[in-house]
Every structure is written in C-alpha cells, then in structure tokens.
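First chain written, first letter: the chains are A, B, C and D, and each begins at residue 1.
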Amino acid sequence: MAGNQDKVVSLDQAGAMIAARKILSLAGSHSVNSPMALIRAAIRAGASALSIIPPVTTSIASDLLIAAGAVDTFYLCYIGFETLGFAPAFRAAAEAGTLNVIEGDEPFVMLGTRAAAGGYPFIPVNKGVYEGTDLPRLNPMLKKVTDPFTGEEVYAIPALPADVCILHAQAADAQGNAQFWGGNNQELDKAMAADCVIISTERLISVDATRRDVERVNIPGHMVDAVVHVPYGAHPTASPEFYGTDEAHLKTYFDAVRGGNRDDYLDRFVTGPADHEAYLGEVGLSAMFELQKNA
Amino acid sequence: MAEQADPGTTNYSMAELMAVAMARALEAEDGNLGGVGAAAVVPMAAARLAVLTVAPNLWWFCGGASGLNPTFDNLPRSSADPKAAVGSTGKKNMLDVVDMGATGKWDWGFNGGLQIDKFGNINMIGIGPHDKLKLRGPGTVGTIWTGTLKRPYLYSMHHAPRILVDRVDYISGPGWLDGGTSRADVIGRDTLGPQLLFTPICVLDFTEDAHQLRLKSVHPGYDKDAVIANTGCELVVPDKVPETPPPTEQELFVLRNHVDRDGVLKDVRATVG
Amino acid sequence: MAEQADPGTTNYSMAELMAVAMARALEAEDGNLGGVGAAAVVPMAAARLAVLTVAPNLWWFCGGASGLNPTFDNLPRSSADPKAAVGSTGKKNMLDVVDMGATGKWDWGFNGGLQIDKFGNINMIGIGPHDKLKLRGPGTVGTIWTGTLKRPYLYSMHHAPRILVDRVDYISGPGWLDGGTSRADVIGRDTLGPQLLFTPICVLDFTEDAHQLRLKSVHPGYDKDAVIANTGCELVVPDKVPETPPPTEQELFVLRNHVDRDGVLKDVRATVG
Amino acid sequence: MAGNQDKVVSLDQAGAMIAARKILSLAGSHSVNSPMALIRAAIRAGASALSIIPPVTTSIASDLLIAAGAVDTFYLCYIGFETLGFAPAFRAAAEAGTLNVIEGDEPFVMLGTRAAAGGYPFIPVNKGVYEGTDLPRLNPMLKKVTDPFTGEEVYAIPALPADVCILHAQAADAQGNAQFWGGNNQELDKAMAADCVIISTERLISVDATRRDVERVNIPGHMVDAVVHVPYGAHPTASPEFYGTDEAHLKTYFDAVRGGNRDDYLDRFVTGPADHEAYLGEVGLSAMFELQKNA
C-alpha cells in the first residue's frame, strides 16, 4: 500500500474498513495506546464474528469488542483490568461458552506474529519453553516438529497473520509514517503481519515534520493503508505524553458490564454518540484536559 | 469470604509491608537481571526499593512501559504507564523480552497466579474443565517463563484456601512440578524452581529436597494458625516460625519519598481468606 | 580487455547517462516501493532523480544507511554512508528488509551480477566448479530477492562477453530461469522476471513469451554491432533499434544540482569489453 | 553479564578476549561502523582459526582478518570494496582453497542470527525464497523440514550462534548501554546471538547521560561483557556523526593486499603500532580530523 500519498480517511470510513474484515490485530499495552476510537467506530459499523489477536496484555480494547458481541474467537495471552479485576465481558462470554478462546501465551502471540511478519510458516521454540506446562495440551495450534539439524522434537508456533491491524499513534503523517511514543514495540511486527493497517493518530503532522525527526518513526508509511486523525482517540486508555489512563472511566465500564448494564454503557459511549466529538462531549472536555496532567 | 488483610499496625499498609519484604529478598539478586510484568504494582515498588537499599546493582525490567532500571519516585499503578519508564537506562522490545525468556537469560522474576500449589506451580488459566471453566482466568502472560527463569519468586495479594491449593488445575507457570527432582528431570538443571512466596500474611519458602511449601516467617498481626487456616494445601510448618521483621523507619522513608510519593501502596487491595 | 565506456560526448559521463536512463524507467513504478542495495551508486542516483522528475510518489529504500525516501542532494558513494539517509521519512531494520523480501512486498529493485544470462538470471557466487572457483564472487547479498520482487530491474556497469553469458554458472538471483513459463512454474505467478537491463552501451528488455534478452535501445556513441560484439549470449536484435535518448538539459540540471552536487557520477567506472 | 557496573577494559584486554574465542560475529555495514580497533587488537593478540559471521555486507573488517591469516571459515553474504573492487584477501584465500566459505545470503545470515537470538533451533522460510536458485545445493547448512501445519516441505535455516560479537558504538557507558547512530540495526540480534559481547565506543559517557537520552540506546548493558573506549576506533571505516570512511586508506590497504604486499600493511598498521594511539599517529591526526568534515 505504498502508492497513495494521502491515506487520510474519516473515522467512519475506517470503522467500515475494520468491520469488513474478520481477523483483527491490536497493539498497545494493557490500558495504554489502545485504538479505542477505531474500536468504537468498528462496532458502530457493525463489526461481527471477529477473531482478535491482541497484544500480550490487553484490557478494555478487547473487552469492549467482546461486550459489544463482535467477537467469536479470542487469542488469549492476558486480559484484565489490573487493580479493578478480571475483564468482565471476556470472563462472562468465556464462561458462558459463547467465546472461543485460544489458550495462548507470550511466545505464542509474539512468535506467531513474528512468523507472520517475516513469512516464516512457523517458529520452532527452544525445548525448555513448554516443558512441564499444560499449554501444549490446551492449545491445539501448537504442534510438534522434528528439528532437521538435531533430530529432536520441538514445539512449533504457527504464523498468526491478521486481516487488519489497528493502532493508535502519537503522530503520523498523511503517507502513514507513524510514531508510537512509549510502549514495547509490538506495533511493527503487528503491522507487518496484517493485510491492512489502519492508524489513528493524536497529531496529523506534515511529511516534512516526519523528516525532521525520523528516528521516532516506528512504522513506515508504505505498510499503512489508512490514517485517521483522532485527538484523544485512545481514551479511556492513555496516550503517552498526551494524557493518562482514565481510571474513573474504566471503572464506569467495569461496573456497568459486571453489573449487567453493558447496554447502558454501549448506548451512552459507543453507539449513542453521533461521532467522536459527541463521544468527547459525553466524557467531558474538562475531564479530558484533566487527564493531560497525568500524561 | 475474603477480608482486607490487616498489617497489624497503622504505621504501614499491607502492600507496603509486602513491598519491603520482597525488596529485602532481592538482596540475593544484586547484580542480576530480572523483571516484573503486568498488574505488578507491588513487585515494581519492591524492585525500585531494593535498588535504593539492598541491591544497588540490581538490573530490572519494568513490564509494559518497557524500561530498564527506571528511577521513578512516583510509583505508577501499572507497569504499562509510560511514567514507569522514567529515567531508564534502556528500553526493551517485547520480542527481546520473549527471546530472553526462551533463551533462559532472566535471572529472577516475580509471578503470581489464580492458584499456586504446594510445589510452587502457577495457574493463570482457570478453574474447572477447560471446555467449561468455572472460573476463566486472565491468561498466562509471562508465567510460562517460570520454567526458564533461573530463580522465580512468587507472590499473591490474596492468601486463601482457594488460591494456595494442593494442586493447581493447570500449570501455566512451572514451579517444582511434583517436587523432588521432577523439575530437573523434566525441564533440566539450568534453572531452579520458586525460591519464595510472598502473601499478605506470611513469607514461604520451599524445602530443600522435596521442594514443598514451608512457612518461613509470619507477618505482624498474624500467627501460624491463621496461615494454616487460610491455606488450602499441606504446609511444612517448623516448630519456631519467626515474625517477618516489620519495615524499618529507613525502609519506609525511602519507600515513601523515593519510590511511592503518591502513596499508591496505601490502597492496593490485599485479602485474607 | 575492458576499456572505459565512452558516452560519445563530453556533455555527460556514462554513469550519468545510465542514471538518467534508469530514472526514466522508474516512471512505471511511481507509487510503488523498491530498493537499492550495496555498491549501488548509480541506482541510488536513478531513484533520487526519478522522484524529482518522473516518479514523484516513488517509495524507495536506500541500502545500508537504511533510509526510506531520502532527500540527499550530495550523492554518497555508498548506500551505507549515513549521509545516504538524509531527509528520510523512515528507517528500516535489516530484518524488516529481509522479511519484506520473504513475503514478496517489494515491488521493484535494481540488481547486478558477476554474470547475467539471456534469461536475466544473476550470478554473484563465482565462476568455475564450486569447490574450486576460478573467480570467487563477492556473495549473493540480496540478489535472491529477484525471485520474490514483483518486477526486478537489472544493471551492470560492465558490458562484456564474460558478463553477459548464455547461462550463468550459478543462479543466485532468479530471472526468467529457462525462459517461457519456467519462472511461473517454479516460483509461482505472483512475480515477474526481470524487466530491463541497463549497461554502459545499451538498454535491453526481454521478449514477451520466451523472455529472452532483446536489444531495446543503444546508447549514443555505440551501435548494434558493438552491442553484439560485446555480448556473450544470443541476443534478440530487432531490425530497427532506436538510440537511447540522451539526457535532456533538464535531467542533467536536476541530476547535478539536486542529486549529485559533488559530481560523484563523473568518475564512476563503467567498461566495455 | 548484567552484574558488573563497570565493564570498561583496555583494548589489549579486549583483543585477548576475542582471540580466546572461535566464532566471531561482526555488525556494522560495509565500510561503516566496523570495530576496526578491536579487530587489530584481536590480530595482535593472536586470534586464529576464527569462523566469521559478518553483517550482510562487509568490507575491510572481514578482509583484514583474512589477510592476517586469522580466519578458517567465513559465512558469506557479501564482501567487497564497492568501487575499488573485490575483497582482495578474501578472494585470494577462497580461490586458493585456504578459506572455508559457507555460501550464505541475506535470509541465511539474518534469520540464522535471529534464530540464535531468540533461541529458535531454526527458522523455516517461505516456499518462494530459495526456489529457482542454486543456494540450497551450495549451502549444506540449509535443510528441508516438513511444515507440521501444511505438510509441505520448506527450507530451514539453522540458528547461527556466535562465541563473541564485537561492535563499534558511537556512545556507551560503563554498564555497557550502547548507542549506534545510523546503520540498519543488525546489532541487537547480533549481540543476543553471542555468548560474549564486546563494544568499542567513540565516546564513553556517564550512566546519567544514558538516562537523558534513553531512546538512542540500542543495546542494553545487561547484554554486554566489555566496553573499550576507543575514539576513532572504526577507522578506516566511518563512524556516523564522527568521521567518514577513509577512502584513501582503504585504497592503500586494497593495493597492498592485491599487490602482494599485505605484510607491509600489517606491519605498518596492525602489528607494528604499539597501541591505538600509535596507530593514529601512523594514520596522522590531521588526516583523521579531515575525515570529520565528511561525517
């Protein structure tokens, strides 16, 4: 997707692009840098029957998609709300048997993504990694392969390609050259492992501004299909150097879903607001500005 | 039902006490490299406190924000908070973190579990049959690396019979497996099983040969019987079990002025029963 | 013995002429992503010139210095020179470059060889039996990616019978293999074989079905016969072969003022015979 | 090698560490950022019978070791002197049959290094990569493996671990936290794939200076065994932002080795000078300062 020099689309257009695909990959870490505005847009656009390949730790980004009934299959590494507790929609759907959970782990998600990024059909892992654990028994996607160099049997992790990868950047230009400040760099492999890459960004900068600070570019634009300018687009998760995690909002979500009021939350914050600006109005701009202090 | 753990004093919170006890244990790791993962506010505080007290040459990796040896003095609630990387001497890619797990390059690390059993095995998967879990756990994250860590350390913010069980329903993080030589036999002799387990009411270690959970010290405000009553597995209990030495004034001073100025550890939830 | 290629005029050097011809070809790749590798001063100049003339939306990766779409106006002698990354819109890790080769994400690229044969196969390995090479080549670098590149382009700074051979001793970079449908049969139909070959005396393309080397235009100062005499393989030579249009004044102006202000292309060695 | 907070050693000590090992891995690219002072020190310390795993393109760094007779086996991807021509010592040794050349390529060197870095016993590659080429026939280290997910046969590249990796950094502190300016980031995987990592550095900075600019740290110190402070330590190759490639010196080397006078070069520039300062004296400090203009 190198060609186009202007990849900027609207949030609604991006939502429709996501909703048209089935295997969705996310980066961000826990409650930081999740592409929440894109996720809300995808839900509004009718995303359904998704398979989610999350980052190694995820929180509301994945849980909201599950709460909205948009997810069939979830590649699990870790999902939770830290001090608040278990991810409520995930836990309810998994325990009710309405969600197919692939029992993954760090090597499974990271190396499956690396394999897809590099075009390796699979990655065999060191003998010690799965010994003594129940993971191979619980994850049918792990298979044994004979190392042709030693004759030993080792576990193989399959490539985990995605149809679409959605990411929230701190700065990106119209060509798709994107900067992620903070985090642990899962974005590049995630992008390379996906057919389509959509980026929401706090700041839409000029290509000249990209050239001025090229060492900060984590994903080159040729890998990117669409860019959406969405200030506060990670809310209620944090956007490094812009705003901190909205702990109170996470609790509102958590209590609503755990208390059986998920539809109230969805109505108020996801399907109700006409657009991102209306969502911000519902959150309250002064609350948003307050979060900047904690960036 | 679980109740809030009581540190037996108003001088410090239970999370502060645990952070201090965990920091002290890291003296043995001075100069070595380890890490803390997600939902790890107490281990983060412990590592930072250890650097400032007993382990000045400790190397530690701080979870999601990805900093090595950060120098925050405002403890973040999450290791993924970018502020957790303040003053780092390096950043690690998540792929490198996994690579180092697979190649056995982590010396130490803190891990917790939904369930922890008498041989220190960890379960983050769930409780019940896998196709119909009664409790769906949050997923294994990095607990699998307890198999390749040279010396894993365990902790739980909850001490209860449902957590400290005789046998975990699933092993997501291998401990001493079935005890005895089983870990060495299955995983190899390059790594050891869990060294210590920190809970809101005590510190436990493992016996030398059977590698079975043993009471090492009881926190102020609790006694042997409280530990036994709140533990769901067999426990080796020596005749004399010392009290966990309470935080010293100096430890609390450093903790509150150089690690956790915002007092995050004042309200971290820790429960008993 | 090889002699210095003569551009037939003192208005421009042979390397300048080649850079211009190669830049023009990149018009077909406007908007697409490609790259140049090591020892690639002329392809570097061509890509930069193409952006400034016929392919404003070209995406290109500049070898060892690892810049995407650099904006240097002082052409470096080596793509590994950090100055080759000046003004880039991104940097690529070498691993990503390889990943994109393996996943077939490069649209175009320039490659050369010790030997190039009539089907555009490339040899960078050597000449003679592999256990006793008469000429040990420099190694295959990225020539293997001619198999996964959507449209490879070839060039050689030397036009001689020893270089343009009937059959390469070894295939390090697959061209059209044995011609006809052989590339599609062996590698698959996602990529095409070489599109063009640029030398100091001519531009060649490949016939539509047999995919065999064909003379497309002859550079000023040379003729068909010179090409045939200096070529070691069978060549399809149309009745009428046009002259390669010499660089325009505008092309030379842009080349010398915005691409190669130091005149590096003035003394790049190109030989015939 | 996390423990030690002061890993600074002398150039002679570093040379002895290298000479005590057999599989030597290099980074840098072509004639940029090669650890030349370390290489000269290793030759002086009697390095011999080395196997070299170079970066994907290498020049005098590898050729000098071959010229000095220190190399048995060479993992080839590309070696050359760009506009000057073929690498003279490599070519002569390979054609004379005194050098064992492993016929590698970009995926072989990069993915073999990645595999060693990540503890994968091997990496299987996409079916298209080696089709139609002679590489599998010429490189016996490539083997076929059956993909357990598809049943297809694919090529496997074995892990290529090294005993020691030597790198030239632009800045490093005593803990080994190191910055490489420019280049294409082969250093981290190279370091992770090696048992012992030795870094020469233009500037030896404080740990506080490292903390001030942490985004520039490419290799964290826990991976590093020794740091040597060697200003101009990459000469005659370039050190980004410090000095450019010494083209005239490369030609001196090239002409000497190709003209049968390699011993003259070695005497004058490698074994003759008592230390790095004497080497710089032989090169001429004013020539060094001149190269700064071209950085």
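FYI, contacts are C-beta pairs under 8 Å (C-beta built on N, C-alpha and C of every residue); 3 or more make two chains touch, one makes a residue touch a chain.
None of these values were measured; they are calculated from a predicted model.
Common neighbours of chain A and chain B under the contact rule above are D. Steps from chain A to chain D, taking the shortest chain of touch contacts, total 1.
Between the interfaces B-D and C-D, more contacting C-beta pairs are found at C-D. Placing every chain at the mean of its C-alpha atoms, the farthest one from chain C is found to be B. Chain centres here are Cα means. That of chain B falls 59 Å from that of chain C.
For the pair chain A and chain C, the distance between C-alpha centroids works out to 41 Å. Inter-chain centre distance (chain C to chain D, centres taken as mean C-alpha positions): 28 Å. The set of chain A residues touching two or more other chains comprises 111, 118-120, 125-126, 129, 215. Counting only residues that touch two or more partner chains, chain C has 85, 91-92, 95, 98, 102-104.
Every pair of chains that touch is listed here: A-B, A-C, A-D, B-D, C-D. Across the complex, chain C meets chain A through its residues 30-33, 57, 59, 67-68, 71, 85, 87-92, 95-96, 98-100, 102-104, 107. Listing the residues of chain A that touch chain B in their complex gives 29-32, 55-57, 76-80, 82-83, 86-87, 90-91, 94-95, 97, 101, 103-107, 110-111, 114, 125-126, 128-135, 138, 181-186, 189, 238, 240-241, 244-245, 247, 295.
Looking at the complex, you find that chain C touches chain D at residues 37-39, 41, 64-66, 77-78, 80-82, 85, 91-95, 97-98, 101-104, 124-125, 130, 132-136, 138-145, 147-148, 170-174, 177, 183, 186-188, 190-191, 268-269. Interface of chain A with chain D (complex): residues 111, 118-126, 129, 143-150, 152, 154, 156, 158, 215-216.
Across the complex, chain A meets chain C through its residues 2-5, 117-120, 173, 175, 177, 188, 192, 207, 210-211, 214-215, 217, 219-222.
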